[in-house]
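Two complexes come next, and they have one chain in common, subunit A, joined by subunit B in the first and subunit C in the second.
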Partner chain A sequence: MISITFAILLCLLVILSLVLLATRGSSVRHELSFRSDVPLYNETTGDPSLCPPEFAARIFSPADWTFVSGEKSRDVVRLFQHERRVVALVWAHQTKSAIHRIMREHTRITRQSQDLHLATEARLVYHYVQLVAICDLLILAIQSAGPSHVGSLATYAALLSQRFADAQHTLAITTAARELPGASAAH
Partner chain B sequence: MTTTKLITVQAAYDDFLHRSLSKLPCDLARLIYLASTRDYNTGSYHHDGLASRFSPEVAAKALEIAHRQVFVQLSAYSLEELVEQLRIYFESSQDGAAEILRTWQKLEPYRIAIPVEVNLAVARLFLSNVRLALAIWRSRQNRSPQDH
Partner chain C sequence: MLSLSIWLVGIVFELALLFRGAQHGLLRRYPIFYSYISFVLLNDTLLFAIHLPPRPYLYYYWFSEFFSLVLGCLVFLEFYRVALREYPGTARMARALLSVLFLLAMLKTVVTTVNVHQWWFNATPAQVEGVLRVCQLLAILSLTVLVLFYSVPLGKNLRGILLGYGLFVGWSVVCLALVAAGVAKANTLWSFTFPFSYLISLIVWTVYLWSYQPNPVPGRAIPLEQDYLRVAAATQRRLHNARGYLAKAVGS
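What follows is the complex of A and B.
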């Protein structure tokens, strides 16, 4: 009896947490689209490319925080916290969108390809799932703790997403070359 | 773009760098100057001297590349470096620092200094950093008005 009650309570807790996260996520998105100078990237507008990793390092850099703290102005510190939070969220959303776009492009190519390498595909899907999860985690962490606490995870995500994009690009070129007329005869 | 045209654009870029950009005191001044060579309506770049030495098309391309390059460079600066850029820019201007600071905070003219087709997050970082650098200047000015 106790275990059933506990299970129900646990389920309710999980559902409540999920609802809370979803509501919070959409409200932050809403807030950002109003407060940010540049709109958030979405499927129809904006820049679909990945932000270069060196800029991710700059966005999450602790050096700026140290400099701003040294200014000893509460207003500046408050403005910095707000501005960096928004920029970090723009970066995380943009990275996630770019990863989705890369994966969609990859799916389109593999659908037409007749020579698939299962191991390579599995590795790519694994990296894709990992990256999306990291981006979601980053978005939550930036919202709750601020960008200064997630610098290393963001840098890791930036490098991994760049590698993911490069791998997909190489794969697309290889697939295209393999399917050129006469390519199989050449080997 | 053909190889010959690429070489010409490179020559125009080098010429512009040597004759105009290198004479400006800082990257922020370079960015403002480059943005001013862009037409507000069409977004195309124009520079009489460069166009007469090369061609309007080549000059426009060289200016576009220079604009993007200076923008990326400036966006990668730390806040401390950007505050320093503002200092050099204010000091080199004939208008007073207080006047420029007031106008920049009110009108945010640096927003139109962003080149077309730059990364969204980089553009947002740039705007945010300039806003912060101006706020730091304002706070310093409020603390010791006689210094600025």
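What follows is the complex of A and C.
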């Protein structure tokens, strides 16, 4: 027998997703809205447009904090804390939006792909969910504890996002190359 | 009186839906969905015209309920076929996800029947229908999530079919759970919410399927080629800038 709580929860979940589907508005408009002119990858090197992990390590490094607190100036310390928190938050938000963009680009390519690899796809989705959760956690941690206390988590997020972007880029090139007219005949 | 009004209004909406569908060639495009509506209309009209005694009515009710459930599954399959025709990647993911769901449902059924002896013999029709509707609702949920995740563009007609049917099945699951638990009884407020939810679905379908709106056709451009075009444009822009600097340098 189905429990009433389960039935209500399932019904709410379905209604919520259907409302999302209905309010997505014109699907064509939605389709066009996320096609940005800003390239997803560096045009010359092909690297994803994410901040390098060294940059994240520098923002979240306790070395600057140790130096500033050694200056014994309360105003400088307060200013440093404020500025560093803002930079760290901007980095976390940028990383999160870059991940979203990479995933959107990926789904746009793979939804029409003829030979989608389910395991690879599942792994990418898993990494995507993990990264988004880490970014959210990072934003909360920066706001509550400050950037110098979450250095290892930020470095991990930066490395993971870089790896995620690289994997997606390789997959996109492979998929596109496989689906180029005459590609199969060339083998 | 209230149930009779809901019944009559429902028949009017079903007729309007079929009329508009025939007028705009939608019957040809979504044959299973319109077969489902025709079946419900026929059923409603028959029950309205012929007053069956309680016992035959009960059998007839459950027979038509299960038949409409099967037709509903076919409507879902039609939606899947039409919506994901141009998206083989998403269709493959949907197949995998639905297979996993089906396997889980099978496992759950096996575990239930092993633990509770003679479940199938003792279960009431409401309980059996409840379990089947839950499977249907999970399938609808997974397909909706996939459509949202892969940003599959849907036309107004398809969105309406999914929206209306999802609302109806969702509320059916809640109502059947309440009936099985003994909360919802005949002639209480709960008993009216079930036909009322179907009426809401009919209104949604009538609005969304009032006229034919084609599904957006995806662009067939290959991403790698797009990348090449983008790089080529950027190179041209840079060359143009370099020529400008060169001209300035030579001029000075």
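By definition in this document, the second predicted complex is superposed on the first by the 138 of 187 C-alpha atoms of A that agree within 3 Å, B and C clash if a C-alpha of one lies under 4 Å from a C-alpha of the other, contacts with A are read in each partner's own complex, and residues count from 1 in each chain.
We take it that a residue touches a chain if its C-beta (ideal position, glycine included) is under 8 Å from a C-beta of that chain, and two chains touch if they have at least 3 such contacts.
Since the structure is predicted, the reported quantities are computational estimates derived from the model, not experimental observations.
With both complexes superposed, C is the one of subunit B and subunit C in contact with more subunit A residues.
Contact with subunit B, but none with subunit C, is seen for A:Phe80 once the two complexes are overlaid on the shared chain. Of the two partner chains placed around the shared chain by superposition, subunit B is the only one that A:Val90 touches, whereas subunit C remains out of contact.
In the overlay built on the shared chain, the residue A:Ile59 is in contact with subunit B alone; subunit C does not reach it. Legend: residue contacts after superposition of the two complexes on their common chain; A:Asp136 is shown touching neither subunit B nor subunit C. By the touch criterion defined above, A:Phe67 reaches subunit B but does not reach subunit C. Counting contacts as defined above, subunit A residues 41 meet subunit B in one complex and subunit C in the other. Those residues of subunit C whose C-beta lies close enough to touch subunit A in the complex are 86-90, 92-93, 96, 127, 130-131, 134, 137-138, 140-141, 144-145, 147-155, 159, 162-163, 166-167, 169-171, 173-174, 176-178, 180-181, 183, 216, 218, 220, 222-225, 227, 230-231, 234. The touching residues of subunit B, when paired with subunit A in their complex, are 75-76, 78-80, 111, 117-125, 127-128, 131-132, 135-136, 139-140. Per the touch definition, subunit A reaches subunit C in the complex via residues 1-4, 6-8, 10-11, 13-15, 17-18, 20-22, 24, 27-28, 30-31, 34, 39, 41, 43, 104, 107-114, 116, 118, 121, 172-173, 175-177, 179-180. Of all the residues in subunit A, the ones that touch subunit B in their complex are 36-38, 41, 46-47, 49, 51-52, 54-55, 58-59, 61, 63-64, 67-68, 71, 73, 75-76, 79-80, 83-84, 86-87, 90-91, 94.
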